[in-house]
């Protein structure tokens, strides 16, 4: 069996304002090499998500040399995207175990030229930590909120600020919270107004939604 | 088919400190009449839960005369239990739609001689409402917290006070929250310390747990 | 048992830019009357959602006279909010059975001064219906997309336009789609970039998110 | 404990037009050897699915020599089936991570003498990719459509062509899509007409259904 | 709120060989009237499914006069479709409670000119009932198999005949089988080869798939 | 649409030792009448389950005259089965709300000539109630145990007696116990040895299993 | 932390007729050694289930010398139980991948002195395989039926024989069948009469139930 | 990407009476080192849970030297908390496989100065084991009950004693019990009065709830 040929959606940027990106999990080495080679040939920067550190060794040295891989978020940036600049996006998380997802969001924004602010470890068990950063959060134009377990951070935050809030439930948690469904459902069922959510652990998708909102505001 | 004979657990009080109680849903009229008649014969007060207002008309007048039925909570007190007195138990809820469950808890406590404080409509969407009542809540010896939807109230409260907190998730909510499972899972997966929970809409069970704690403190 | 006292979050507008609103389902008549009377006393307009037509008859005539109730969306506007004006928000739906949810979104936007465009019955089974309206959809600043069943509309739309897209999965559908979870999960798992979602049938929440985005763009 | 004796259903072909095949997962080495030896003794070709590459080393060299194993699809063809010829079956997939399932379908068809067309990476996020191949797809007599995540490809395709469409949802995806249930439910709940589905990742079953349809058309 | 305008997919027939059809559940009376009026104006026959008998009274007499409504299957045929003729399609069911779904399939086929054979009450609890009809079933070109509870009929049938088999799991059953998920999963997980399935109770979809297969065989 | 013809499995008794029975839910009046008429014509007694009291009025008087209907268990015995005699089967239940299911088991046994013992309201919340009846339970040859909520009765009983125990989980309970899945899973996951279970509320199936065991012991 | 002390239920045999047994999974080496030493000291044979082959090396040689471990079923018999003799119990399975569960049942029966008959690989996809063995199965006093995937074997068998049938659903299967829930639900929802079931993969429990039935027949 | 900075909630003790604690799973080595260093710098003892033994080697020797790690419960105590003293808390478990969770509870209590009693292996399959220890259990001021599988221990215990009972369902079990949801739901749906529960395997949370109750009793 052949492994199939990738059909890159380079036109996506023109249609949606969002760049084509590669979800590396489940792709074979040969498929990844073909994709990176096409990007190199066309001299396009490219974002890869869910690229395990252990797979880097399988790539040929010349391609690897152009890959900026981040182990925490398992993202890689191929080639040279524009320099990021501040645009009012803040990424806030409830606990340190959420940092890989924070990282995926921050790197996705960076790839599209947006440098995010990061506020970490402000879960509601110690509410003062969130209140301490409230001025900062109120100043944000868009907030990406990242939390696992019961995701109470989403509701509390949405009741306190006026910016659009994109919830990213994470798979952090055990027992009933295993896999992130409790945090996801908390975001969906929130009593606080005007909260939207993306899939569990989907920092990439949250960042892309934030980019759509930034474009809408132009 | 015979409808079967109730075997009342009158000894429960001696073993557990908690009175026998009757879950009226699913019982036939004949069964309820037999139970009430036995309680009357032994001159024991008796608590009934989940007794729909529409079923009252099926009971004979003499039994009905001794029933103090509350339409909101669908509870009935048969006979005359002791006068309730304050004991440091506060029942707090997130929204007005939670009041039937608050009522079940309050009435169950009252049946066992405990007069509860009630704090209503302090959901976290408007956090100031909870903070406004914080002194009161911090003064409580035991807190029963009642909330539906995403149940963020449980976590916020547990991070702010030192009393034992018994969460009662309610079936209030729509979409993914239908039936109360999101609030229940939020209580279970809470990032805040030392929260316990009972079944969805189980104000009765929360009250009984509070009674156990009161006894333990004696 | 008392039915409890509502604690209206009138300060929400100042904190979040979004008005307090009342979720009528599960509230007693006495509770609704108290809330409407408070709004009347303070001369504030108020949005009520999930108010069944059959309950209108329970309200006193003077309050009812100030209620503009819409049977399709089960929403009511109490008092006189500002006149709505166009702001670039388009609400699009897959089928006619989604119209009650479309209505909830449109009315919530109208209550906050935004007059939405509506595009109906453009499900992907006949893709030409969507493509026929594509120019209109591409011109929108924000899109609220409403669909039940398998919710394929969300992904197709997100691949074609650049505006922020807020998916509202509906409970329309039978068999595995009963209750709307398939459409919800399709929105969450979408292969298309930058899609966000709210709870099933939550036209209200989608509208409130759109308002946050409009404010962010100012 | 003995490992049991296989009872091969060699008569299946006569009853159903479909050859007996072996699901290798969960079978012991001894069981596999006995099955292959029986096929060898009767000089029958045999298809094996879900045979991990790592297990090949456990088989005796003479049996292994007659096995054509494909690493991508984890299928093996034992002996020499007829040469495949074109019959109007097209296998189309949404992304490259679906290729193992595409491979299982293609190899199952090949084993029964049918050479399939393959169309890869035409997910609806970039709709032009599908539309570009539409003439090809419209020319197909039967379509097997393979997709994970939210499976929107199934509905879009079913609205555009007249051939029978067999959906194969795949386990590709994360968060709520983990394991393939979202894609499966999308196929089942599709608003587009006349779509049928098989189990998650079941390329084998889809191919066998296609063979039934081919036979029915004779 | 306006109730929206239907956008009928009259072109569906040309694209897919399948006629546009109306899912009546969830549509308002005004919406149904507009749709029927459009069909009348264009002199097109139209199939409606899930049209409750109780709703007929809401339609104006002239439209009702052209509606052939079947109470068992809750289907209605508006106008005059072609006379049905035999085409080798057999609909078989496990129990009498499955007949409404059988009826939906039979009526959908009839609307497109296909007169189906029906074999009823041949569930596997008494296997002889199925075996007694085996010659008939083996002679069919396409089989639609309808069953609830544990759906064992699907597997047994698929092991005995060579025609394409479209399973329609029904919501008949209680306890774990409530709603039809067990029968659906049995169809999906079947050990028998080449079975495909549609959504629970979806006789309409099964009939449409059969029509696709008939067209493919031409 | 015709309503289809029942194919009664009168031969079941010869094959399995268990009589054909009719599951009345989901059958139309015409279907029920045809079945009863066939039984009358052949002079066979017949058991009907899930026959709602409200449907009796739809049956013709001559058939109704031969029906012994029990409102609690919703069962009907048509014609005259043998007189029941004791055979060592005891049916025990946890609470009075389980009595309809107890009744279905008792009536099914009676139809096949077995008169059961009944022990009611011995749930483990008051363990003494069960222990009080232990001698009786230890004397039983077969036990059918009926319980809802958390079904702890099953495990406790299975640790105390040596007879075969058939658990019948019931749908009695609220919150997470709604529908009976918790009691079912408790039976399946029991730490006590040699417990078997049937579907939720399936008193009929439990009785039939008991009959198989009685036959095996002959 | 101490690892705790086992409290062996040696009295179980006297109460229930079933011997104490050890579920090895999740127990530490020290716990297992203490248990085996106690059995050795009291000179009692002991059955262990779910004892992974890899753990044998952790046990001291003298204990290991008395362990008869079976790799397929992951069971071990410590000491010398009585010689097994035939008692009319037949274990039948649908496929070879079910053999580990068959083995657990066979070994549990053997430990209690019962030598079972085994019938393998008679899944309903090739119904003739089951029918070929029907005389044998009809002669059995008790049948333990083991099947994964959709578990259609349970219903077919229960319609054909009169012996008690204990279904053991297995975790064999993929996609929706992963983990065995489909086979379990098929057993529970079966349309065939008098089927009982145990937990997924619970060959041990099925054997213990069979022992109870054997005792009841004495 | 930076790994983020921990924001320790040292003030938690003052607010809630419960010490800050660290959930080690999902935290990077660098994050753990920073946290331990901060605790060391402030000379505060600190409890860590879910710290895998394999991770100890990653910590610098000086920090490791102050860590008292327990392999069974995967907890670590950093620094020197107060000496534990008896306070009436008893931890009871159903089986030996529950000991890691028992350990987490015991160590959490110890960290806060409470030395617990432990009663092991008293599952209800052999009820005498529990009854044998009943006096001890009745003497407890608070009971933490730990059980997996079907969790029947919770209900039996709650019917026998008067102390507050905190159920800790464990993930011990297979088939339907996999992951602990059956035990959890049994605790929630219990027919016995006044039982509360925490998340699956959450020995830590149960201990913290016990501490709240102890404080309330002061």
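A, B, C, D, E, F, G and H are the chain letters, set down in written order, and residue numbers restart from 1 in every chain.
We take it that a contact is a pair of C-beta atoms (placed from the backbone, for glycine too) under 8 Å apart; a residue touches a chain by one contact, two chains touch by 3 or more.
Every value quoted in this text rests on a predicted model; they were computed, and no experiment measured them.
Trainee: Touching both subunit E and subunit F, which chains are there?
Mentor: Correct list: G.
Trainee: Just grab the chain with the largest centre-to-centre distance to subunit A, centres being mean Cα coordinates.
Mentor: Chain centre farthest from subunit A's centre: F.
Trainee: Contact counts by the stated rule: is the higher one at E-G or D-G?
Mentor: Higher C-beta contact count between the two pairs: E-G.
Trainee: Write down the chain pair in E-F, A-D or E-G that repeats the interface of A-B; the criterion is over half of the contact pairs matching by residue number.
Mentor: The A-B interface is reproduced by E-G.
Trainee: Can you check how far apart subunit C and subunit H are, centre to centre, with Cα atoms defining each centre and the answer in Å?
Mentor: 44
Trainee: In angstrom, rounded to a whole number, how far apart do the mean CA points of subunit A and subunit C lie?
Mentor: Centre separation, subunit A to subunit C: 27 Å.
Trainee: Mind checking the centre-to-centre distance between subunit C and subunit E? Centres are C-alpha means, answer in whole Å.
Mentor: Each chain's C-alpha centroid was found; their separation is 34 Å.
Trainee: For subunit H, give me the residues that contact two or more of the other chains.
Mentor: Where subunit H meets two or more other chains at a single residue, that happens at 12, 95, 125-126, 158-160, 175-177, 181, 184, 188-189, 193, 199-200.
Trainee: Mind listing each pair of touching chains for me?
Mentor: Those chain pairs which touch are A-B, A-C, A-D, A-H, B-C, B-F, B-H, C-D, C-E, D-E, D-G, E-F, E-G, F-G, F-H, G-H.
Trainee: Where on subunit G does subunit F make contact in their complex?
Mentor: Those in contact with subunit F are residues 12, 15-18, 21, 141-142, 158-166, 184, 188-189, 193-200, 205, 208-209, 211-213, 215-218.
Trainee: Touching residues of subunit A toward subunit H in the complex: what are they?
Mentor: 70, 72-73, 93, 95-97, 99, 102-103, 106-107, 118, 120-122, 125-126, 128-129, 172, 174-178
Trainee: Could you please specify the touching residues of subunit C with respect to subunit D in the complex?
Mentor: 94-95, 123-127, 149-152, 154-156, 158-160, 173, 175-177, 181-183, 185-193
Trainee: Write out the stretch or stretches of subunit E touching subunit C in their complex.
Mentor: Touching subunit C from subunit E are residues 1-7, 9, 11-12, 20, 23, 25-28, 31, 50, 171, 179-181, 184, 199-202.
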